[in-house]
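Input: structures, listed below.
Same chain, two partners: chain A is paired with chain B first, then with chain C.
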Partner chain A sequence: MDELKNKVRELLGSGTVKVFIGYTTGTAGTKRALFAEKPEDAEGLVFDSSCIQNLAVYVTKQEVKEKGMMGISATLPVMRSLVQLARENQVSDSGIKVIGITPESRLIDFGNLSEVEKYIHQFQLEIDQKNRDMLEKLDKMTVSERWQFWLKELEPCFKCYACRAACPMCYCHRCTVEYNQPQWIPVPSHASGNLQWHIMRAVHLVGRCIDCDACANACPLAIPFNLLNKRMIEDARKHFGGYQPVLSGDHLMSTFKPDDKENFIR
Partner chain B sequence: MAEFEPKIVAFVCNWCTYAGADLTGTSRIKYASNVRIIRFPCTGRIDYMLLIKAFDEGADGIIVSGCHPNDCHYTSGNFHARRRWIMFRDLCNLMGIDMQRIKFSWVSAAEGAKWAEVVNSTVTDIRALGPYEEYRRILNHHSKEVTNG
Partner chain C sequence: MNIEKRFIRKDSLKKLFDALVAKNKVVYAPVTRNGKTSFRIVNDFSLISGDYIQTTQSSKEVTFPRTEKILDFEKNKDGIGVKPVDIQPVHESVIWGIRPCDAVGKGELGAIFNWDSKDEIFNARVAKTTLISFSCSRADEYCFCTSVGGNPGNTEGSDILLTLAGEGGDYLAEIITEKGGAVMAAAPELFEKDPGIEKDKYLASLPARFSHTEIRNKLDKFFESEEWARQSLRCIGCGACAYVCPTCACFDIQDESHGKSGSRVRCWDSCGFSLFTLHTSGHNPREVQSQRWRQRIMHKFSYMPERLSVYGCTGCGRCSRGCPVDMNLLEHLISIQEVTV
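Right after this comes the complex of A and B.
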């Protein structure tokens, strides 16, 4: 912990970074983001296993970018998000300095994003057992049973878009849900709009979601919509091969292979 | 009660399937009139949300059709579309949307007979499945009244 604080003090003190994004203690013991701008702000930094928010969500925000060079304490999911964001030209080495925190809480001072990419590629993106079991359970249901399952699960959703706000990949300045000419997603908290919102969210994240669960953690109603994203990761891997955020190369959904396999087109 | 007439929405590309459907007509091939054809510049332009919107407007079945692989007017639109459909179908399947109600096909401008066959078999299949009651039950009160025919 002190190591992180010292590192941040040094970075801010030398002017290498203008703002450092880390975790601090929020109300009622929760953890929230801290934006340290002066060396003494580093005192507020904390890190433990309850720091699960994906901080990469802030690096695309205009008000953070305006401050200049950013530093960020990045756990594995955050590092993955950063690499994906870099692939989408949202961050670059000239804008961010990554201080990695390994699963063993060791600090890594990354020189650039290529090093981050190299680091994350040591780890395979794996869906955890609990969610895999849940997906298997859904697979065993009939189509109608699945339909009923989702109607029930999505029923309390009132589209607060906390899932969207928590997701580093949902950085569009104007989201489809804000378009009302035509109204793509019906606004009322109602099955049809809820269904469409969650379908849309899942599709927009195909090939981009890195399974950090920030969306599900942010949901005030604990709706397990992240199952959709997880299934998309599994299926993308099944259909098109590997699934890892990369700095360059083909984007899963903006490319194709002439011999992509399917069995449903007549 | 009259026999159930399914409402089918067909999303087709301008260059192949739309021309193919034209050929069906000029060849005087009779086929089911349950289909409403919507013409797109390319299958790559057929947004998955539009398919959901079709159900939202009371469709019982959907046909999505375009140029055969390697025949795309824009070289690769159908390849992109295919990749998208592969993922979209998996997602819909997980969400419990009946994938028997969305049919995908490649129909070229020379395949007038195939288009008739695609439409007829889709109508037969959807007629057997019945109206898409599950989806209609969740339709928003604000949306238009859904009627048959």
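Right after this comes the complex of A and C.
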């Protein structure tokens, strides 16, 4: 902890970064984001296993970006998100300084995003056993059982869009649900509207979602819609050899070829 | 009417519930699923959750559904035919197990829906809804009803208020309105003579943390404060706070059509969304999240008391509990009170 505080004091003191995004203690011992702008702000920084918010969500936020060079304490999911965001031209070395935190709470002072990319590629993007079991359970259901499962689980959704807001990859200024000429996705939070919203979101995240669960953790109603994202990750692994965020090169879902074996795509 | 005090035994509570169901009332009560407690239509007393400080969502959905049809339309040879919804089929409902802060919220929500034009659909639902509230014997770090004029045993807005009188599980019943009287009339034998229960002894202790009138005065000169940006830097701009709030009333109007006919639907909306104030021209008067956060606080603590003579906050703490990034309203109000302008 002291190592992190010292590093951040140094970064802010030297002017290397203007704002450092880390964690601090919030209500009733929960952890939340801290934006340190002066060396003395570093005193409020904390880090432990309860720091689960994906802080990469803030690097595309206008008011944070306006402060200038950003620093960020990045766990593995945050590092993965940053590499994916860089691939999508949302962040670059000129805008961010990454201080990695390993699963053993060791600090890594990354020189640039290429080093972050190299680091994250040591680890596979894999669904944990508990969720794999859940996906298997869903697979074993009949179509109508699965339909009932999703109708029941998605029924409480009131479309507060906390899932979208908490996701680093949902940075669009105008989301598909907000286009109404024509209306692609129904706005009301009825059964059909909820189903279309969550399926559309999952599909937009194929090959981009890094399984951080920020969406599900943000949901005030604890709806397990992240199973849809996990299904996509599993399918990508099974049929396309899986994926990892990369700084350059083809994207899993953007490799259109005129000689594709599927007819519907031509 | 004067508040009438009665006594309800522990095992009479289920009988009262069953009597209401038997009278064909639609009873909404707190049910826990996936660790979250919300009001659902319940016919079986054993499904009701008893162990909650506050439900995740308020009960406002009973009178202000998150999605509600307000009219049907159809294109025909003469033009467009419009048919308003029939408000008669609104059921006689009972909300069972709400907290006093939610009952206060009913009045605050009603003030908005009757500000200029009277909202007939909302009013019809309120007229047919009876509130059976339960006083609070516990509070948590998010609760602040006493800072906004309420208290854990507040009778305002409720039709009946039940206060758990000690570990025996018996209740003091306060019959507050005629609707409450009608509930008592459904099973009069369950409402025994009050043995002189000292209600205050059984209520949660919750000292006030700020004064809402002081906040209101402070906000008059606070519009340009840098505090808004400081507080809201971590706000991610979702609508969770507005949707769990008992008094947030903003809605969006959507037309859902299929071929030549369709329905006009009223859907919840939130001032926290970036598109909430976006003009057709592309200009957005609330361009950044700090301005939207300011609007939320100003609306509840300055504009509503000024225009409607009620505050838009009951201190239930739901917005803070439901916030994915810990935007704690109590903490932020205290800092507004403390910061020098």
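One rule holds for everything that comes next: the second predicted complex is superposed on the first by the 254 of 266 C-alpha atoms of A that agree within 3 Å, B and C clash if a C-alpha of one lies under 4 Å from a C-alpha of the other, contacts with A are read in each partner's own complex, and residues count from 1 in each chain.
Throughout what follows, a contact is a pair of C-beta atoms (placed from the backbone, for glycine too) under 8 Å apart; a residue touches a chain by one contact, two chains touch by 3 or more.
Note that the coordinates shown come from a computational prediction; the quantities given were computed from them, not determined experimentally.
Asker: Determine, under the contact definition given at the top, whether A:222 touches first (chain B), second (chain C), both, or neither.
Answerer: second
Asker: Is A:186 contacted by the first partner chain B, the second partner chain C, both or neither?
Answerer: Touch status of A:186: both partners.
Asker: When the two structures are overlaid on chain A, which partner does A:106 contact: first (chain B), second (chain C), both, or neither?
Answerer: After superposing on A, A:106 lies clear of both chain B and chain C.
Asker: According to the stated criteria, A:162 is in contact with first (chain B), second (chain C), both, or neither; which is it?
Answerer: second
Asker: Should A:140 be classified as contacting the first partner (chain B), the second (chain C), both, or neither?
Answerer: Neither partner.
Asker: After superposition on the shared chain, which partner residues are touched by A:26: those of chain B (first), chain C (second), both, or neither?
Answerer: second
Asker: Touch test for A:130: chain B only (first), chain C only (second), both, or neither?
Answerer: A:130: touches no partner chain.
Asker: Looking at the overlay, what does A:174 touch: chain B (first), chain C (second), both, or neither?
Answerer: second
Asker: Report, in rising order, the residues of chain A that make contact with chain B in one complex and with chain C in the other.
Answerer: Of chain A, residues 186, 188, 190, 193 contact chain B in one complex and chain C in the other.
Asker: Spell out the part of chain A that touches chain B in their complex, as residue ranges.
Answerer: Those residues of chain A that touch chain B are 135, 138, 143-151, 176, 184, 186, 188, 190-193, 195-196, 198-200, 202-203, 206, 227-228, 231-232, 235-236, 239-240, 253-258, 260, 262, 264-266.
Asker: What does chain A use to touch chain C in their complex?
Answerer: Residues in contact with chain C: 26-28, 30, 32-33, 35, 53, 57-58, 61-64, 156, 158-162, 164-166, 173-174, 178, 180, 186-190, 193, 217-224.
Asker: Considering only the defined contacts, which chain B positions touch chain A in the complex?
Answerer: On the chain B side, the touching residues are 48-49, 52, 56, 69-70, 76, 79-80, 82-99, 103-106, 118, 134, 138-143.
Asker: Across the complex, what residues on chain C touch chain A?
Answerer: Answer in residue numbers: 33-36, 38, 56-57, 66-67, 140-142, 229, 233-234, 236-240, 242-244, 252, 254, 256, 265, 267-268, 270, 273-275, 288-290, 320, 322-326, 328, 331.
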